[in-house]
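Pasting a structure here, questions to come.
Labels for the chains are A, B, C and D, by order of writing; each one numbers its residues from 1.
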Amino acid sequence: MQVKLINYTPNPEDAIIKAAANCWQSTPRDEILDLIIKAGHLTPLEFATFNFEVSGVSRALTHQLVRKRVGVGFAQESQRYVKYNENGFEYVTPPRIQNCDKSILYIDKTAHQIYQQAMFIIQVAYEQLVDIGIPAEDARFVLPNACCSKIHVTINYHALFDLAKERLCDKAQWEIRELVAGMKKEVQEISTTLAGYLQPKCYWLQRCPEKRSCGKVGFLCEK
Amino acid sequence: MQVKLINYTPNPEDAIIKAAANCWQSTPRDEILDLIIKAGHLTPLEFATFNFEVSGVSRALTHQLVRKRVGVGFAQESQRYVKYNENGFEYVTPPRIQNCDKSILYIDKTAHQIYQQAMFIIQVAYEQLVDIGIPAEDARFVLPNACCSKIHVTINYHALFDLAKERLCDKAQWEIRELVAGMKKEVQEISTTLAGYLQPKCYWLQRCPEKRSCGKVGFLCEK
Amino acid sequence: MQVKLINYTPNPEDAIIKAAANCWQSTPRDEILDLIIKAGHLTPLEFATFNFEVSGVSRALTHQLVRKRVGVGFAQESQRYVKYNENGFEYVTPPRIQNCDKSILYIDKTAHQIYQQAMFIIQVAYEQLVDIGIPAEDARFVLPNACCSKIHVTINYHALFDLAKERLCDKAQWEIRELVAGMKKEVQEISTTLAGYLQPKCYWLQRCPEKRSCGKVGFLCEK
Amino acid sequence: MQVKLINYTPNPEDAIIKAAANCWQSTPRDEILDLIIKAGHLTPLEFATFNFEVSGVSRALTHQLVRKRVGVGFAQESQRYVKYNENGFEYVTPPRIQNCDKSILYIDKTAHQIYQQAMFIIQVAYEQLVDIGIPAEDARFVLPNACCSKIHVTINYHALFDLAKERLCDKAQWEIRELVAGMKKEVQEISTTLAGYLQPKCYWLQRCPEKRSCGKVGFLCEK
């Protein structure tokens, strides 16, 4: 997975603080950011926007990601128009498949071998369908969730703050958690303050609302 | 594909007309609906909402559908939590694969046979991964775009009107066009007037903005 | 202020539960509503929508209300098109002005008298401007925030749930708090369960995030 | 009215083109912008965002402006918290009131004189209410629509494109048309290309959907 911040509102903290200060006609100053976040007065956070270039993620992830509807925009590589070339499609392998050391009696294969073989057969079927003349938009029906996608994401800081609450949670799907952690890391490069507020929901609630807790209530997500 | 309207704002036309009449403090009357749609004053259309139960659609379709962000809500069967039982997953077969009669030299199989075989092998791989102990949320990485999904959609008439403009277009992907045509058919049962305005964009523009036109500019989508 | 529920998704609880049950392919049952609200899995709440007819509210209130952007639609009486007739405009009087018993030396008038007189003079000026031939859309520049407005509101239960968190708070502006309490009362008539979850944010947080607390942390809003 | 662009996505054209190119995995190049706008494939336009500082506008305008719900965020001077000082509130005078030379028999005053007098009396009433001890959030009920407001607006180019379609129209309210023309002028300073696409809806439709047309169908808004 590659997550790269390729464009953003210059001086994002400043952009947010200026907007917030306008509400009370007060002087823009650094403490305002902390005040509004703690008070839940989050609209000014929308005055800073970040554009990310994301690649090497599965379409399982993107299907979940594009469910976010507010404060966010997507531009995703289309499987209708883009035909995979002779090198075939790339795919994501979940760590629990890659590192699984269990085996079962009736087949003499690791989870990873089963997985790789399935990917190979899918690739062959996709190519045969395209060769027969099936359009890419139909041939892609055989392609797996694992298939890599490239997606550009524009997200304002209010939406990113909300996304972090849900997706930095230990119960979130591993791949999307890794994506949001990657976004946080990129934001860190330009503002440690803004990155610092990107935390799972239990950090703000000081309790875990999940049915089965991970047991680390209120943990700080460092990276 | 099954598309079923399971709940909606009672008297949807009336709900829209009452809201629109409030803007000018005029008497609610039937012509208002036509007036506001022709004038592009579309907010009152949000006062009627429709809940659809959709099944037998591919996850290729749902990935595209959930991209719609405004005036719409989704509740989709989760592949993280739902494990496919011993009967395996169901899948959609694109008509151009099902009905393809072309063949190529090096393999003695129709497109449909290649497709069915790929689905079978994927199913076996999925089951083996689950048997080894891989969690459903990771095993699903092998599942294809073709995999059937069940999704509930709530959409207000403004959003449905916009969806029809894009997706009843002949250039839209066949499966999503079929879905929106199915929604239109269901709306038809309760209001022929509201169904009548669900038309592709060329009907409203009286020209085709697509790069390659289907040649039927301004056609009425009957069903 | 009059708040009237004039249309809604029939069996709203049921509509929400059906949608939620689809996510896990579980049997729809009553406990699901409580489970998803406590877990913060709120999207299914969008499957129930309510249409309210609101009148006798100030434009101070409506300016604030229409700031809500998600899950909500408005159709408001237009001051550009609607000319106030010879009876003049109606207006809201804040209770703290109506009931103020203080006086100040230099004028022998109560707050209420000052207020009424200002309204009368504004009414006369508005009429004179219209008589001279100034269009309603410009004459309205003299009209006060107090001026009554009629507004239709369509809001899904997810958005209403969020609105209650902010606006049932004791620190919210009195008029908008009264409006949301009025909406709650109307919902109560059709579902005590759904009305029961409409609570200020401190009820869910079990603490007050406001700078100056009202001191009633976690109070249940009964009406 | 002052409209000032105070922050924006650097190289906004480039940001949009990069996002759009990702969809088809094509090389980012200038023509893409024109292609996607003409084809109505507008999501990539969301990758450029503009922050405006707006002052000297009426609350009649802001009430209308904040109705826009998608792709936009606002931070407005609060009349609940901000008390107008001894110099009183500032206000907007509509040109048709300022320049009106008509008179009517029964009063020996121009429209402008009536207007100014009403503003003066409102100012006095507001001050008296505050002096008596009425809180600003209630005293403001006497303040007029004309009252000046300061508002910060963050808007992505997709939303600005849509706003221009509605509000650069000759039938839009004069003040909001002036605001959007002011935004366009500011965008012009950093990208003549992006400014060039900000046009009224008749430019794109090549016809006027309004009930009473201004007669200039398809006109280019130059400034």
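We take it that contacts are C-beta pairs under 8 Å (C-beta built on N, C-alpha and C of every residue); 3 or more make two chains touch, one makes a residue touch a chain.
This one's a predicted model, so the numbers in the text were calculated from it and none came from an experiment.
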*Touching both chain A and chain B: give me those chains, sorted by label.*
C, D
*At the interface of chain B with chain C, does the proportion of residue numbers present on both copies reach over half, so same, or stay under half, so different?*
same
*With respect to inter-chain C-beta contacts, which pair, A-C or A-D, contains the greater number?*
A-D
_Computed distance of Cα centres, chain D from chain C, in Å_ = 25
_Centroid of chain A to centroid of chain D, CA atoms only: how many Å?_
34
*Identify all positions of chain D at which a residue touches two or more other chains, and write them in rising order.*
70, 74
_Footprint of chain D on chain A - complex, ascending_ = 6-11, 15, 18-20, 22-25, 43-44, 46-47, 49, 51, 53, 73-78, 81-82, 150-152, 154, 156, 158
*Quick one: in the complex, what on chain B touches chain A?*
58-60, 62-63, 66-67, 69-70, 74, 79-80, 91-94, 96-97, 100, 102-104, 107, 109, 111, 114-115, 117-119, 121-122, 125, 128-129, 131-135, 137-138, 140-146, 173
*What does chain B use to touch chain D in their complex?*
35, 38-40, 70, 201, 205, 209-211
